[in-house]
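Common to both upcoming complexes is chain A, partnered first by chain B, then by chain C.
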Partner chain A sequence: MAKTKPVDDLIYPQNTGILRVLFGIGALGIFASFIGFFVDTKQFHFSYLTSFSYLASFSLASLFFVMLHHITRSSWGVTLRRIPETFSYQLFILAIMFIPILFGMEYLYKWTSPEILATDHLAQHKQPYLNQPFFIIRQIIYFSVWSFLGYRLYKNSVKMDENADWGLETLQRKISAPGILLFSLTVAFASFDWLMSLDFHWFSTMFGVYYFSMSFQAFFAMIILLGLFLRSRGLLLNTITRVHIGDAGKLMFGFTVFYAYIAFSQFFLIYYANIPEETLWYYHRLEGNWSVISYSLIIVRFAAPFLLLLSKAAKSNFTLLGISSVIIVVIHFLEMHWIVMPTLHYHGFSMHWLDISTLVGLGGLLLGFFFYQFQKHSMVPKNDPKFLESLNKH
Partner chain B sequence: MSKKYEYVPEQPLVQGNHTFSSITSLIGDIVERPTPMWWYIAFGVSNLLLAMLLGMIAYLVWEGTGIWGLNNPVGWGWAIINFVWWVGIGHAGTLISAILFLFRQGWRTAINRFAEAMTIFAVMCAGIFPAIHVGRIWVVYWMFPIPNQMQMWPNFNSPLLWDVFAVSTYFTVSLLFWYVGLVPDFATLRDRVKSKFGRIIYGFFALGWTGGNRQWQHYEKSYLILAGLATPLVLSVHTIVSFDFAVSIIPGWHTTIFPPYFVAGAIFSGFAMVMTLMIIARKIYGLEDIMTINHIEKMNMIILVTGTMVGFAYVMEFFIAWYGGVEYEKFAFINRAIGPYAWAYWLMFLCNVFSPQFFWSKRIRRSVTASFILSIVVNIGMWFERFVITVTSLAQDFLPGSWGYYSPTWVDVLTYVGTFGLFFTNFLLFLRFMPMVAIAEIKMVMPQADPHYYDENGDEPVLTDKFAKKPDVNA
Partner chain C sequence: MSKAEQKPKKVYGMLAEYGNPAKLIRAAKLVNRAGYQKYDAYSPFPIHGMDEAMGLKESKLGYIVLVHAIMGFFGALALQIWTSSIAYPINISGKPFMNIPAFIPVTFELTVLLSAFGAVFGMFFMNNMPRHNNPLFNSRRFEKVTDDGFFICIEANDDFFDEDKTRKLLQDAGATHIEHIYTLEDR
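This part shows the complex of A and B:
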């Protein structure tokens, strides 16, 4: 029977141009944000948290995807897997990028303020959980877990590139299974810490799942865009084919619906029960022109990609997939903004230039690191036991 | 890393060197052989239980819901618990058929037919409870928005009404899905059975299937569309069921994680039920080559994952009950853990969260005995989960003066036991008269279905050794 062989060049062409551009943009953004720090410290911290939570969501969802791919022994996405692997490897960089947030806690989180603690009953009640030392300890735990998982899964995968030892696949599964359990708990509590505790009166058991569902939808948009980018550069044209991108498209479609399901359920249960301690969070977000974002989440984040990608042909149409992915990646940032910013600007939606500069700064650096790492090794796990099966998909 | 790991290749889905024709006769013969004695015994017992169910319902209709253990403030008791439990069990079938089909999980073919049948019968059992709970069953049609001269309409704002739509839609689509999948297999049986009567009956349901190219194309298309339609339904049904509780402001019920948590719990119990029944059926009918130990292992993994998801939801609920700082919510959860129903709460925790953790061990995952025992433990646990949710929040409500201890009556218990009669009566009929494994689909995942399997002349590769491995088509 016919055997398939990879015919593409599997190494990213060594060029420092893209790195120079990305790191340059990143440095520029960081520099601008640094100035912004002195201009408006409070705004800086809120913008930084928004950009951080946005960018972290891609790496976290990447980690989840890699682990899920291993424990389900999937074959379809093997040719794509090095991209999320590289993203999850970067989680230790995100740990470093989190440090400014620790220094900005007094600006971001009202529960740190002694005056509020003295008068607010709920702040006192929650103090055993919401206090600065424990918050910092928790962040150390989260980032150690994530960095460890991301690092190990990436290193084992590139090791298999070299020694073709299929036994590593067993090891990857042994790491991934408990990894997913740790991931779900840490991400849920991290989302409580970073985002839910901004408004510390508010609570929702679904919030962790909500942050995850947003992230996972946006993750597929990102992987489609990166796949299309590689193809536009003439790379991996016969390795990452229409089938693989189409499969990612199907999952993006599926998780668009999943996101809508989770986000709507959370809103709906609070809306229906109509108890003041819960409704306030949504009330702020339906007030003034924040409501524009709220409604556009329904239309742009759910309805648009849903309708665009509903037909079978659309899910492997590069133009439609590209458009939907760009929409999702952009609205994902707006949603993160919509989660964070009403704490600061509860009267209405407004973009501050710091929102852009922190995003460009952190995003440029992270993408720069991504391509730096991506150039070092083969762009696909070429010795993976299921690599040829993945290549054979049609 | 000093320890060396071995690569574990995936096993072929169908074991034991089967050919297409041996698969057909393995499954088809079950229907054509004379009815075994055990079947009559089991059917007789099921019929007795079914008769008991009908008796209990008749008594209920005659006397009213007062014969149940319900009392203010516990207005929802075993009826709702049983409803949610059966609907939950009815989730695995369509999940296996629809969602695993969309995810291209070839192993689903061994169990999908079986699980779909279970789904349909479980939903039937579930549907009984809300219907008889209305008290005046002769006006049960008021649940539907039928135009009438009294201008009486159901409350469209109520999730209980949405349940009527959700469950009936789910039942309809599951039935259609099941039937569409059965058409090619009915045709196989039509062509095999010896009795004229059987030929007519199977021929009627086979819709003139000949297995032509065009028919297969239509079949595949409709199957895909039905899978696409059924997938959101799997999620929506139990979501609406969770809304029955979560939209209210009863402490312990009103929590935002309910929808995905209920869905995970439903899949959890559904898989456990499929496991229980499958382990018995594969033994009796000698289907170990199709429903292999690898299938059992995969299902156990799903049980582990969904059980842990349920555990995750328990943790979130408990944490937020404290974190939220709402007095009543906090009380509801502490009351669950140390109140009068603590025994039920810890039993639920033990069965749903701790017991599936045994499946981390590969040996236990692959042990038929352990899987059988744990699958039953899981379903006991899931029944108690619904008991804990429903009863603990109601029995100790906002007014301490009305607190009490809810106990079921004998009618409650016998009605519940009776639903097993309905379930097994149907299930035994299914085992007896229908192809219990999707014959056509199982062939699609066999090596012979791959064109690369054959040699240059289009012949089967010659296997000298009986246990020789078939060539790996993916290599």
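This part shows the complex of A and C:
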């Protein structure tokens, strides 16, 4: 067909304004959080963990999306792929950002305390896994796997932009196939370590899938928002078209249902079995006004996007997609808060200013790094063998 | 029925053959623009852009599925609430009789089941299926449609159907072959 030539400008316009704004906000947030660290150390660590798990989920889901794209040889989303590639490239920055959590383990994780270890039978029982040196070793393994995968996949893709060597595509697949296996294991165990071990009495074998399903749903919301942002700037109007964003919308709809299925299954099995050490986790989350959040998760995170995006036309309607994406990105943070915070504030839901400042700080820096990296190279993998096929999608 | 009683064969429609998918799309566009309603295009495989060329509207199947899904959802909830908390309440490990979380799996399954029924049988209904015969099968040439034939058939009961004009239209659209399709009235 004739219309296979990219007509858009593929380079993000060199614009330091957006970087200055994002890094400025980020620095401000970090500074406020730094003060918060001295004001309320415990709160600081819990807020930091919430924001970190929230922001890491986007990069991790991006990494999964890129690897899935490679091993299935998908063509539909090649024009979108540079966005998740850039996000997964950032995973080494997230590794650096994890360091404060390692130093705050005594505040976050009760199983680190020697008194509890001396008296609590379960803590002794789980000690071969839940002990500080092994925890740190595991984090090093997770982050080196993720950083390696994100870095390699991004660098190869960028290299293909320059030398158009299609052999690199085979290499990408060779990295992705074992990568996706390593990813599934490391993400599951990372979610056990970061979030589940906050309440070390509690366990749920599907917590890893739960964290992943949340992340992947929110990831599609983010990619839609970024696609719409680029379009609103008049960029890639003929490259990232209604069809590509519509496809991301369909997947977001699908993973909204997947999320609901997993989240409900986790709740339902625990509810029905009714074993005290399992139900306690949900019991805390249905106490006081935490229950408001619990019920709003069902309505806002599942029912609202589900009903908004049910019809075929809605899935490529930018207004409806934008609204649902914003809802999902916001509720994703609230759910992360709902997972972490009842350990600290088990009486009821309340937003601390540190929650906001850590989110703004880390988020501003990460988005700033994203745009910094995004400006350096073409916004789409322009020499990918399947790029033209993706452009022609209709 | 004897041969003498057999009524003359009635014209069902006019079948035109085209050389390739692109010509078929162009012909469908012309037929659609000429105002015909009762016509259809036939090809061995789905052709992208045919829906727009023929001016087809979005299928109504989605609404049929939606109605079934809503029926399944509320039907399942009503069934479980009535049976296990009104008609014959049983105490299951001290949980409330109106135990909504426990009802969700069945509700989900029944919603999906009825939606699937709605989709499959709704599709049958909208395609006039099951149907044992179609007058088009009376044409030997039409057998090519499962292999390499691209056809348009305009039905004779269309308001615009006119022996000469329709033939001219199909001819001008680039038909390689035109023939009549007959229904056998003695059935």
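In this section, the second predicted complex is superposed on the first by the 392 of 394 C-alpha atoms of A that agree within 3 Å, B and C clash if a C-alpha of one lies under 4 Å from a C-alpha of the other, contacts with A are read in each partner's own complex, and residues count from 1 in each chain.
Everything that follows uses one rule, which is that contacts are C-beta pairs under 8 Å (C-beta built on N, C-alpha and C of every residue); 3 or more make two chains touch, one makes a residue touch a chain.
On a predicted model such as this, the values are computed, not experimentally measured, just so you know.
Contacts of A:V209 after superposition on the shared chain: chain B is touched, whereas chain C is not. Of the two partner chains, both chain B and chain C are touched by A:Y272. After overlaying the two complexes on the shared chain, residue contacts for A:R233 are found with neither chain B nor chain C. When the shared chain is aligned, chain C comes close enough to touch A:S311, but chain B does not. Touched residues of chain A, counted separately for chain B and chain C, are more numerous for B.
Of the two partner chains placed by the overlay, neither chain B nor chain C lies in contact with A:K376. When the two structures are aligned on the shared chain, A:H394 is found in touch with chain C, with no touch to chain B.
Note: residues 272 of chain A belong to the chain B contact set and to the chain C contact set alike, using the contact criterion stated above.
The touching residues of chain B, counted against chain A in their complex, run 1, 4-10, 102, 104, 232, 235, 239, 243, 246-249, 254-260, 301, 308, 312-313, 315-317, 320, 323-326, 360, 452, 471, 473-475. The residues of chain A lying in touch with chain C in their complex are 264, 267-268, 271-272, 274, 310-312, 394. Per the touch definition, chain A reaches chain B in the complex via residues 1-3, 71, 73, 75-76, 121-122, 125-126, 129, 166-171, 174, 177, 181, 184-185, 188, 192, 203-209, 250, 254, 257, 261-262, 265-266, 269-270, 272-273, 275, 277, 385, 388-389, 392.
By the touch criterion given at the top, residues 48, 58, 62, 66, 93, 101-102, 104-105 of chain C touch chain A in their complex.
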